[in-house]
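In order of appearance the chains are A, B and C, and numbering begins at 1 in each one.
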Amino acid sequence: MNLNYEKSSIELPDAWRAKSPILLSAGLVCLFIGMGCAFLGSANGEDKSQGFRYLTHSYLANFTFVFSFTIAALFFILVQFLTRAGWSTSIRRLAEILMMMIPYLALLFLPILIPLYWGSSSLYEWNAKDITNSVVASKATFYLSKEFFTLRSVVYFAFWILAATWFFRLSRAQDESGDTELSLVRQKWSGPLIMVFSLVTSFAAFDWLMSIDADWYSTIFGVYLFSGSMMGFFAMMIIISMLLQKAGKVQKLVTVEHFHDMGKFLFGFVMFWSYIAFSQLVLIWYANIPEETIWYQVRLDNGWAVFSYSLIPIHFAIPFLFLMSRHVRRNRIALTVGASWVLFAHWYDMTFLVMPNAGPLEVMPLFGHFLGGVGMLCIFGAMFIQRASGVPLVAMRDPRLPEAMSYTNPIL
Amino acid sequence: MATIASTFNPREIDNTDDIPGRRAPLITGNQTYGSVTDIVCRVAEEPQPMLWYILFGFSSLTAITFLGLIGFLILTGVGIWGNMNPVFWAWPIVNFVFWVGIGHAGTLISAILFLFRQNWRTSINRAAEAMTIFAVICAGIYPGIHVGRAWLAFWLLPYPSLNLWMWPQFRSPLLWDVFAVGTYASVSLVFWYMGMIPDLATYRDRSKSPLRRMVYGVLCLGWTGSARHWLRYEKAYTLLAALAAPLVLSVHTVVSFDFAVSQVAGWHTTIFPPYFVAGAIFSGFAMVVTLLVPLRAIYKLENLITLRHLDNMNKIILATGSLVGLAYATEFFMAWYSQNQYEGFTFMNRAFGPYWWAYWTMVTCNVISPQLFWFKKLRTSTFWMVVISIFVNIGMWFERFVITVTSLSRDFLPSSWGYFRPTLFDGLMFFGSFGVFLSLFLLFCRFLPTIAMSEVKGILSATAHSAHGHDAGHGHDH
Amino acid sequence: MSEHKPRKSPEKKMPKAFGWMAEYQDENNLLVAARKVRDAGYTKTDAFTPFPVHGIDEALGIKPTVLPFIVLSAGLTGLATALLMQWWMNGVDYKYIISGKPFGITPASIPVAFELTVLFSAFTAFLGMIALNNLPKFSNPVFTNPRFDRATNDRFFLYVEAKDKYYNRESVKELLSGTHPDSLDEVIEDTTPSELPRPIILAALLLVVAGLIPAMIILNMRAGFSTSPRFHVFFDMDFQPKKKAQQPTTIFADSRIMRPQVKGTIGRGQLDEQEPFYLGYDPAKMTAIDNKNLSVFVSTQAAKLPDTSAQTPADGSPQTAPMTTPPAMAPGTPALNLPWTEKLPIDANEETMALGKLKFETYCAACHGYAGFGDGLVHKRADSLAQGYWLRPTSMHIDRVRNQPVGQIFHTITKGQGKMASYAASLNPKERWAVVLYVKALQKSRNADIDDVPVDLRSKLDEVKK
């Protein structure tokens, strides 16, 4: 099959490369101002420890927000090879670029890790010197100690980075040689890698997010984070594809069928997230055990009730009703609007997971947190541009590319 | 290419390999639309092999015994079972969850694989959906009979009663079960039937006897194959698939809620919903493999249900088995992390307490045996895949047993602990349900289309006229 | 056969033609032909294929179906039905108290709501599709031609109906011939007899009659009478080998199946009831008294009161503070020697007084009379009946009763005395204390002098007298 394309159509827009430093600076500025607002906003900065709590929690939530796209991208790549998928070949490189941002995000993880060594317990209560809670104290002696925590985080990042880099290298090598053997290697190893990935990612969720309330636990927590991350990932893919096409790139290679499929996945993961979130809620609500309900109680007290209840329309009802229609999914603009909403909903969910543990809902810290989120997203964008420079945006010599160009969605 | 499979059976063609960029044929043997019709219709049109009669005789006897035992149970009471204090839930509920779980594969194949555009589902979805219906029937028997006063089971429904002056208790997961399993049975039945309408029309049009023609004609509602009808049919099929997909997840989720909403250690854990669903798909696919391998051999369907189909199913068994293993690992970790003495004890008790034999059977069958499917040789050997899938189902039965019985026999107060022993009736009534299942499945093979002919022809067509013109007549995975 | 219904002789009537049917071996030829037919302007067309051919809808100009919207509304109906049903049935009509969870819609309502949404949607999708397709339709002229049997096998058909407004028999035939079909036939109606075969009618009749039999049996049973006893399917369920309350038994020496409270145990809630507020006396002050005295109600004992100051308790525990001297009692009255509460444990204000008055007039006045003289309606009636065993209810205004401490009056209401039953079930402790307050007020009202009346209220007395 002859795919007529211009080489420039699979290159990153020059305008983007030019704007990248601006984006980065704007991002850093927003982030710092946001963190500052979060810190100062609490009782006009008089309660420093409360301010630190807002600051650190906000940073963790915003970090997780952007980080989730990258590991979801890695999972997506592994699954596409595991299932020998053909439809995704023309959008796969975008996901590969996303997963290659994990090393950059490892840098962004440092502000979470380093304060532990100053003895900070603003974010992780188990790092405090005197722990009154006996459950937390017994865990903090070994498992939730800063050394073991660091070691585990290093292991997680090592795995993700090695897996992502390996698959990316093979993908880029195939750009040069077109060797089908490279696809077979990735198919073969995707299975074992996914097994390790699920363990690593579950434990990362337990360590980084669940332990901020160190005596609470939920076995479904890893799945919860996974579902939200996949949803956010598809939203991000739709937005990136749309932005690229608006800038005149990949217009023939990414068709309305791809948008439709990404829209279907987006819809599916909105529903999957809702299912997981509801499952966790109904079980904890029903059994009414104080050890478990405390997590939800924190999210309903101190002004957080309206925020938490709003998660239902924002994260479930509105995206569900909007993305249900086939016509919306096949209309790129409508779909991008929906994806942007879902992106916001994912940020909202990360906020819901982390911020109520910091303290009461106050306007300034929440505004600062939002600003920080915008900043983090801008930094993420700048990182994406940096990573995508010089990389063809589509795996042109992947043997399955013709298949990606020729399928249709007849009914659904 | 010679493989273990093809040395056993000269009709086996190995289409499991995949060269990227060139899809392996899904239908082997250079089939045409006409030959597909012949292969499938011949199952019901030709006299049944002797094996059918032997199996049906055996299974119907077992089924009748089961019905007799149910009568005995109703007349005597649930005391004939081993359920006792504190293990009030034992074999009947384990059997219920076992069968409901098995039923999930059919709907997954029909609905979820359809949504993912997996063309290979077309050869197996009809038999799998039939399996679902029969598994749900077997499952539904148990809640009906284990309520104690089975003749009052209709009290579970929200009908206005001048007698009771009250309504069902909607906050109980046992009532959610009534709605979930009821909806699941109805929707699966509708989906299965709707899928069969065009194929029943084929049976009608090939019928030699007027009685046959009339019966199939009535059943297919006068289907003509009109394009206008196909349009609405496909839309309805797609909508049903989109509805059935979350339904599948919800049914076993609601079943898991039976356990998880309680406060019993080992039951109350938030991962139960997705863990049960993964386990259900795991055991369901294993049962599909167990059924389809003999089916295709006896009725010579190997060109339609190819090694690739079986290979794909075994990969799904591997994947869902690994998910179940992941859930075990997470639960184990949390049993420690929670620092909850009851949780910690429960898991120690499962592995080293009085039911250690059940636990280790479960681990061997559920975690280790599906991992054997990493090896292509085992994945494509019809003998080994049946062996492994049977072990998987044994393991899944034991999993439900371990969850139910160990947590109940030793929960919070040691003074309330007790050891459960099953009775003869527990075992007989479980065995009997297999009689019901197999009888219904054999009748299905005898009278109804076992493969979705119209769908198989659809994929034959789609790829015969695709860009790869030279791959005509094979049907491809897209 | 001699009995023949007169039939229309088929050869006299020309079978009606419904249109032209072209047959193709390949779906591509069908698509090409379909486009030609569409472009020629025909709309009453159809294709018949063994599987849905992609592109045929567009090739024939078939419009999309409205089914999804019908299904969506059905789904929303299902959702609304489920939520309304659960809210009303469990939260309004017959409120279930389950673990203290709120009434109405809670997270527990979601599973059933989801299931009903799916159920309604799924059935509507299927039934809607059947209905929109005008199925079941067993009789169809397209079935007349046996070649059409292959429409569900491996052939593809194109149909132009005579109903089409541009239909012309010859031009349609020519158009279709130009698409090189494998065969081209007119669709004619089936002229074979269309009556139902006899066996089917008989079988249907039999089934209907058989179906009526259970209904007849039931109606007969409902309308009729029987002298035989009811049949017990589950005999051992209806007559269970267990004892019910008040039944005798041989298991225990005292023949009672109901067992008293085990010595030394305290039942749930009983711990509270060791408080003076619930008893009318302070049990803590009772260590000086022999416990036996508590439960024995001496009705005809001697007037001599036991000397408590020198008594040692039966269980040998040291004497604590000596109890207060019990008030003097009239000789012959039963003596109950308990450390009564002297001070009213509730606030004596207008509210409690009003409560006491209400309760007294509800429960006490029937026997004791509104003023407490023992001349209530019950007494008047029993007295008039003169059956010989009626005792006049005690008057509150005799010295003996007037001198009783508040705790003793409370105790009387709680435990009962003589013919008077216990009113503990009807009045909670607070209400009983309120009644005690009112009784004391009544007593005071018949035993006061002018000095007891506050100065500023004395003028009111003059009004009453008038």
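FYI, contacts are C-beta pairs under 8 Å (C-beta built on N, C-alpha and C of every residue); 3 or more make two chains touch, one makes a residue touch a chain.
Just so you know, these numbers come straight off a predicted model, no measurement behind them.
Asks: How would one label the connectivity among the chains shown: line, ring, star, complete, or other?
Replies: Its topology is that of a complete graph.
Asks: Have a look at A-B versus A-C and report the one with more C-beta pairs in contact.
Replies: Between A-B and A-C, contacts are more numerous in A-B.
Asks: Suppose each chain is reduced to the average of its Cα coordinates; what separation in Å results between chain A and chain B?
Replies: Once rounded, the distance between the two centres reads 35 Å.
Asks: Indicate the whole-number Å distance between the mean C-alpha point of chain A and the mean C-alpha point of chain C.
Replies: Computed from C-alpha means, the inter-chain centre distance equals 47 Å.
Asks: Listing for chain B: what residues touch at least two other chains?
Replies: Chain B, residues with two or more chain partners: 234-235, 246, 250, 253, 257.
Asks: Using the touch definition from the top, which residues of chain A touch two or more other chains?
Replies: 282, 286, 410
Asks: Which positions in chain C are in touch with at least two other chains?
Replies: Counting only residues that touch two or more other chains, chain C contributes 54, 106, 108.
Asks: Note which residues of chain C are touching chain B in the complex, please.
Replies: Touch residues, chain C against chain B: 27-28, 46-54, 56-57, 60, 62, 64-65, 67-68, 71, 85-86, 89-90, 93-94, 96, 98, 101, 106, 108-109, 111-112, 114-116, 118-119, 121-123, 125-126, 128-130, 132-133, 135-140, 142-143, 149-154, 157, 233-234, 236-237.
Asks: Show me the residue ranges of chain A that touch chain B in the complex, using the header's touch definition.
Replies: Contacts found on chain A: 1, 84, 86-87, 135, 138-139, 143, 180, 183-184, 187, 191, 195, 198-199, 202-203, 206, 215, 217-223, 264, 271, 275-276, 279-280, 282-284, 286-287, 289, 291, 398-400, 402-403, 406-407, 410-412.
Asks: So in the complex, the part of chain B that touches chain A is made up of which residues?
Replies: 18-23, 115, 117, 234-235, 237-238, 241-242, 246, 249-250, 253, 257, 260-263, 268-274, 318, 322-323, 326-327, 329-331, 333-334, 337-340, 374, 466-467, 477-478
Asks: Can you check the complex and tell me which residues of chain B touch chain C?
Replies: Against chain C, chain B makes touches at 32-34, 37, 75, 77, 158, 165-173, 175-176, 179-180, 182-183, 186-187, 190-191, 194, 198, 201-202, 204-206, 217-218, 221-236, 239-240, 243-244, 246-247, 250, 253-254, 257, 453-455, 457-458, 461-462, 465.
Asks: Within their complex, state which residues of chain A touch chain C.
Replies: 278, 281-282, 285-286, 288, 410
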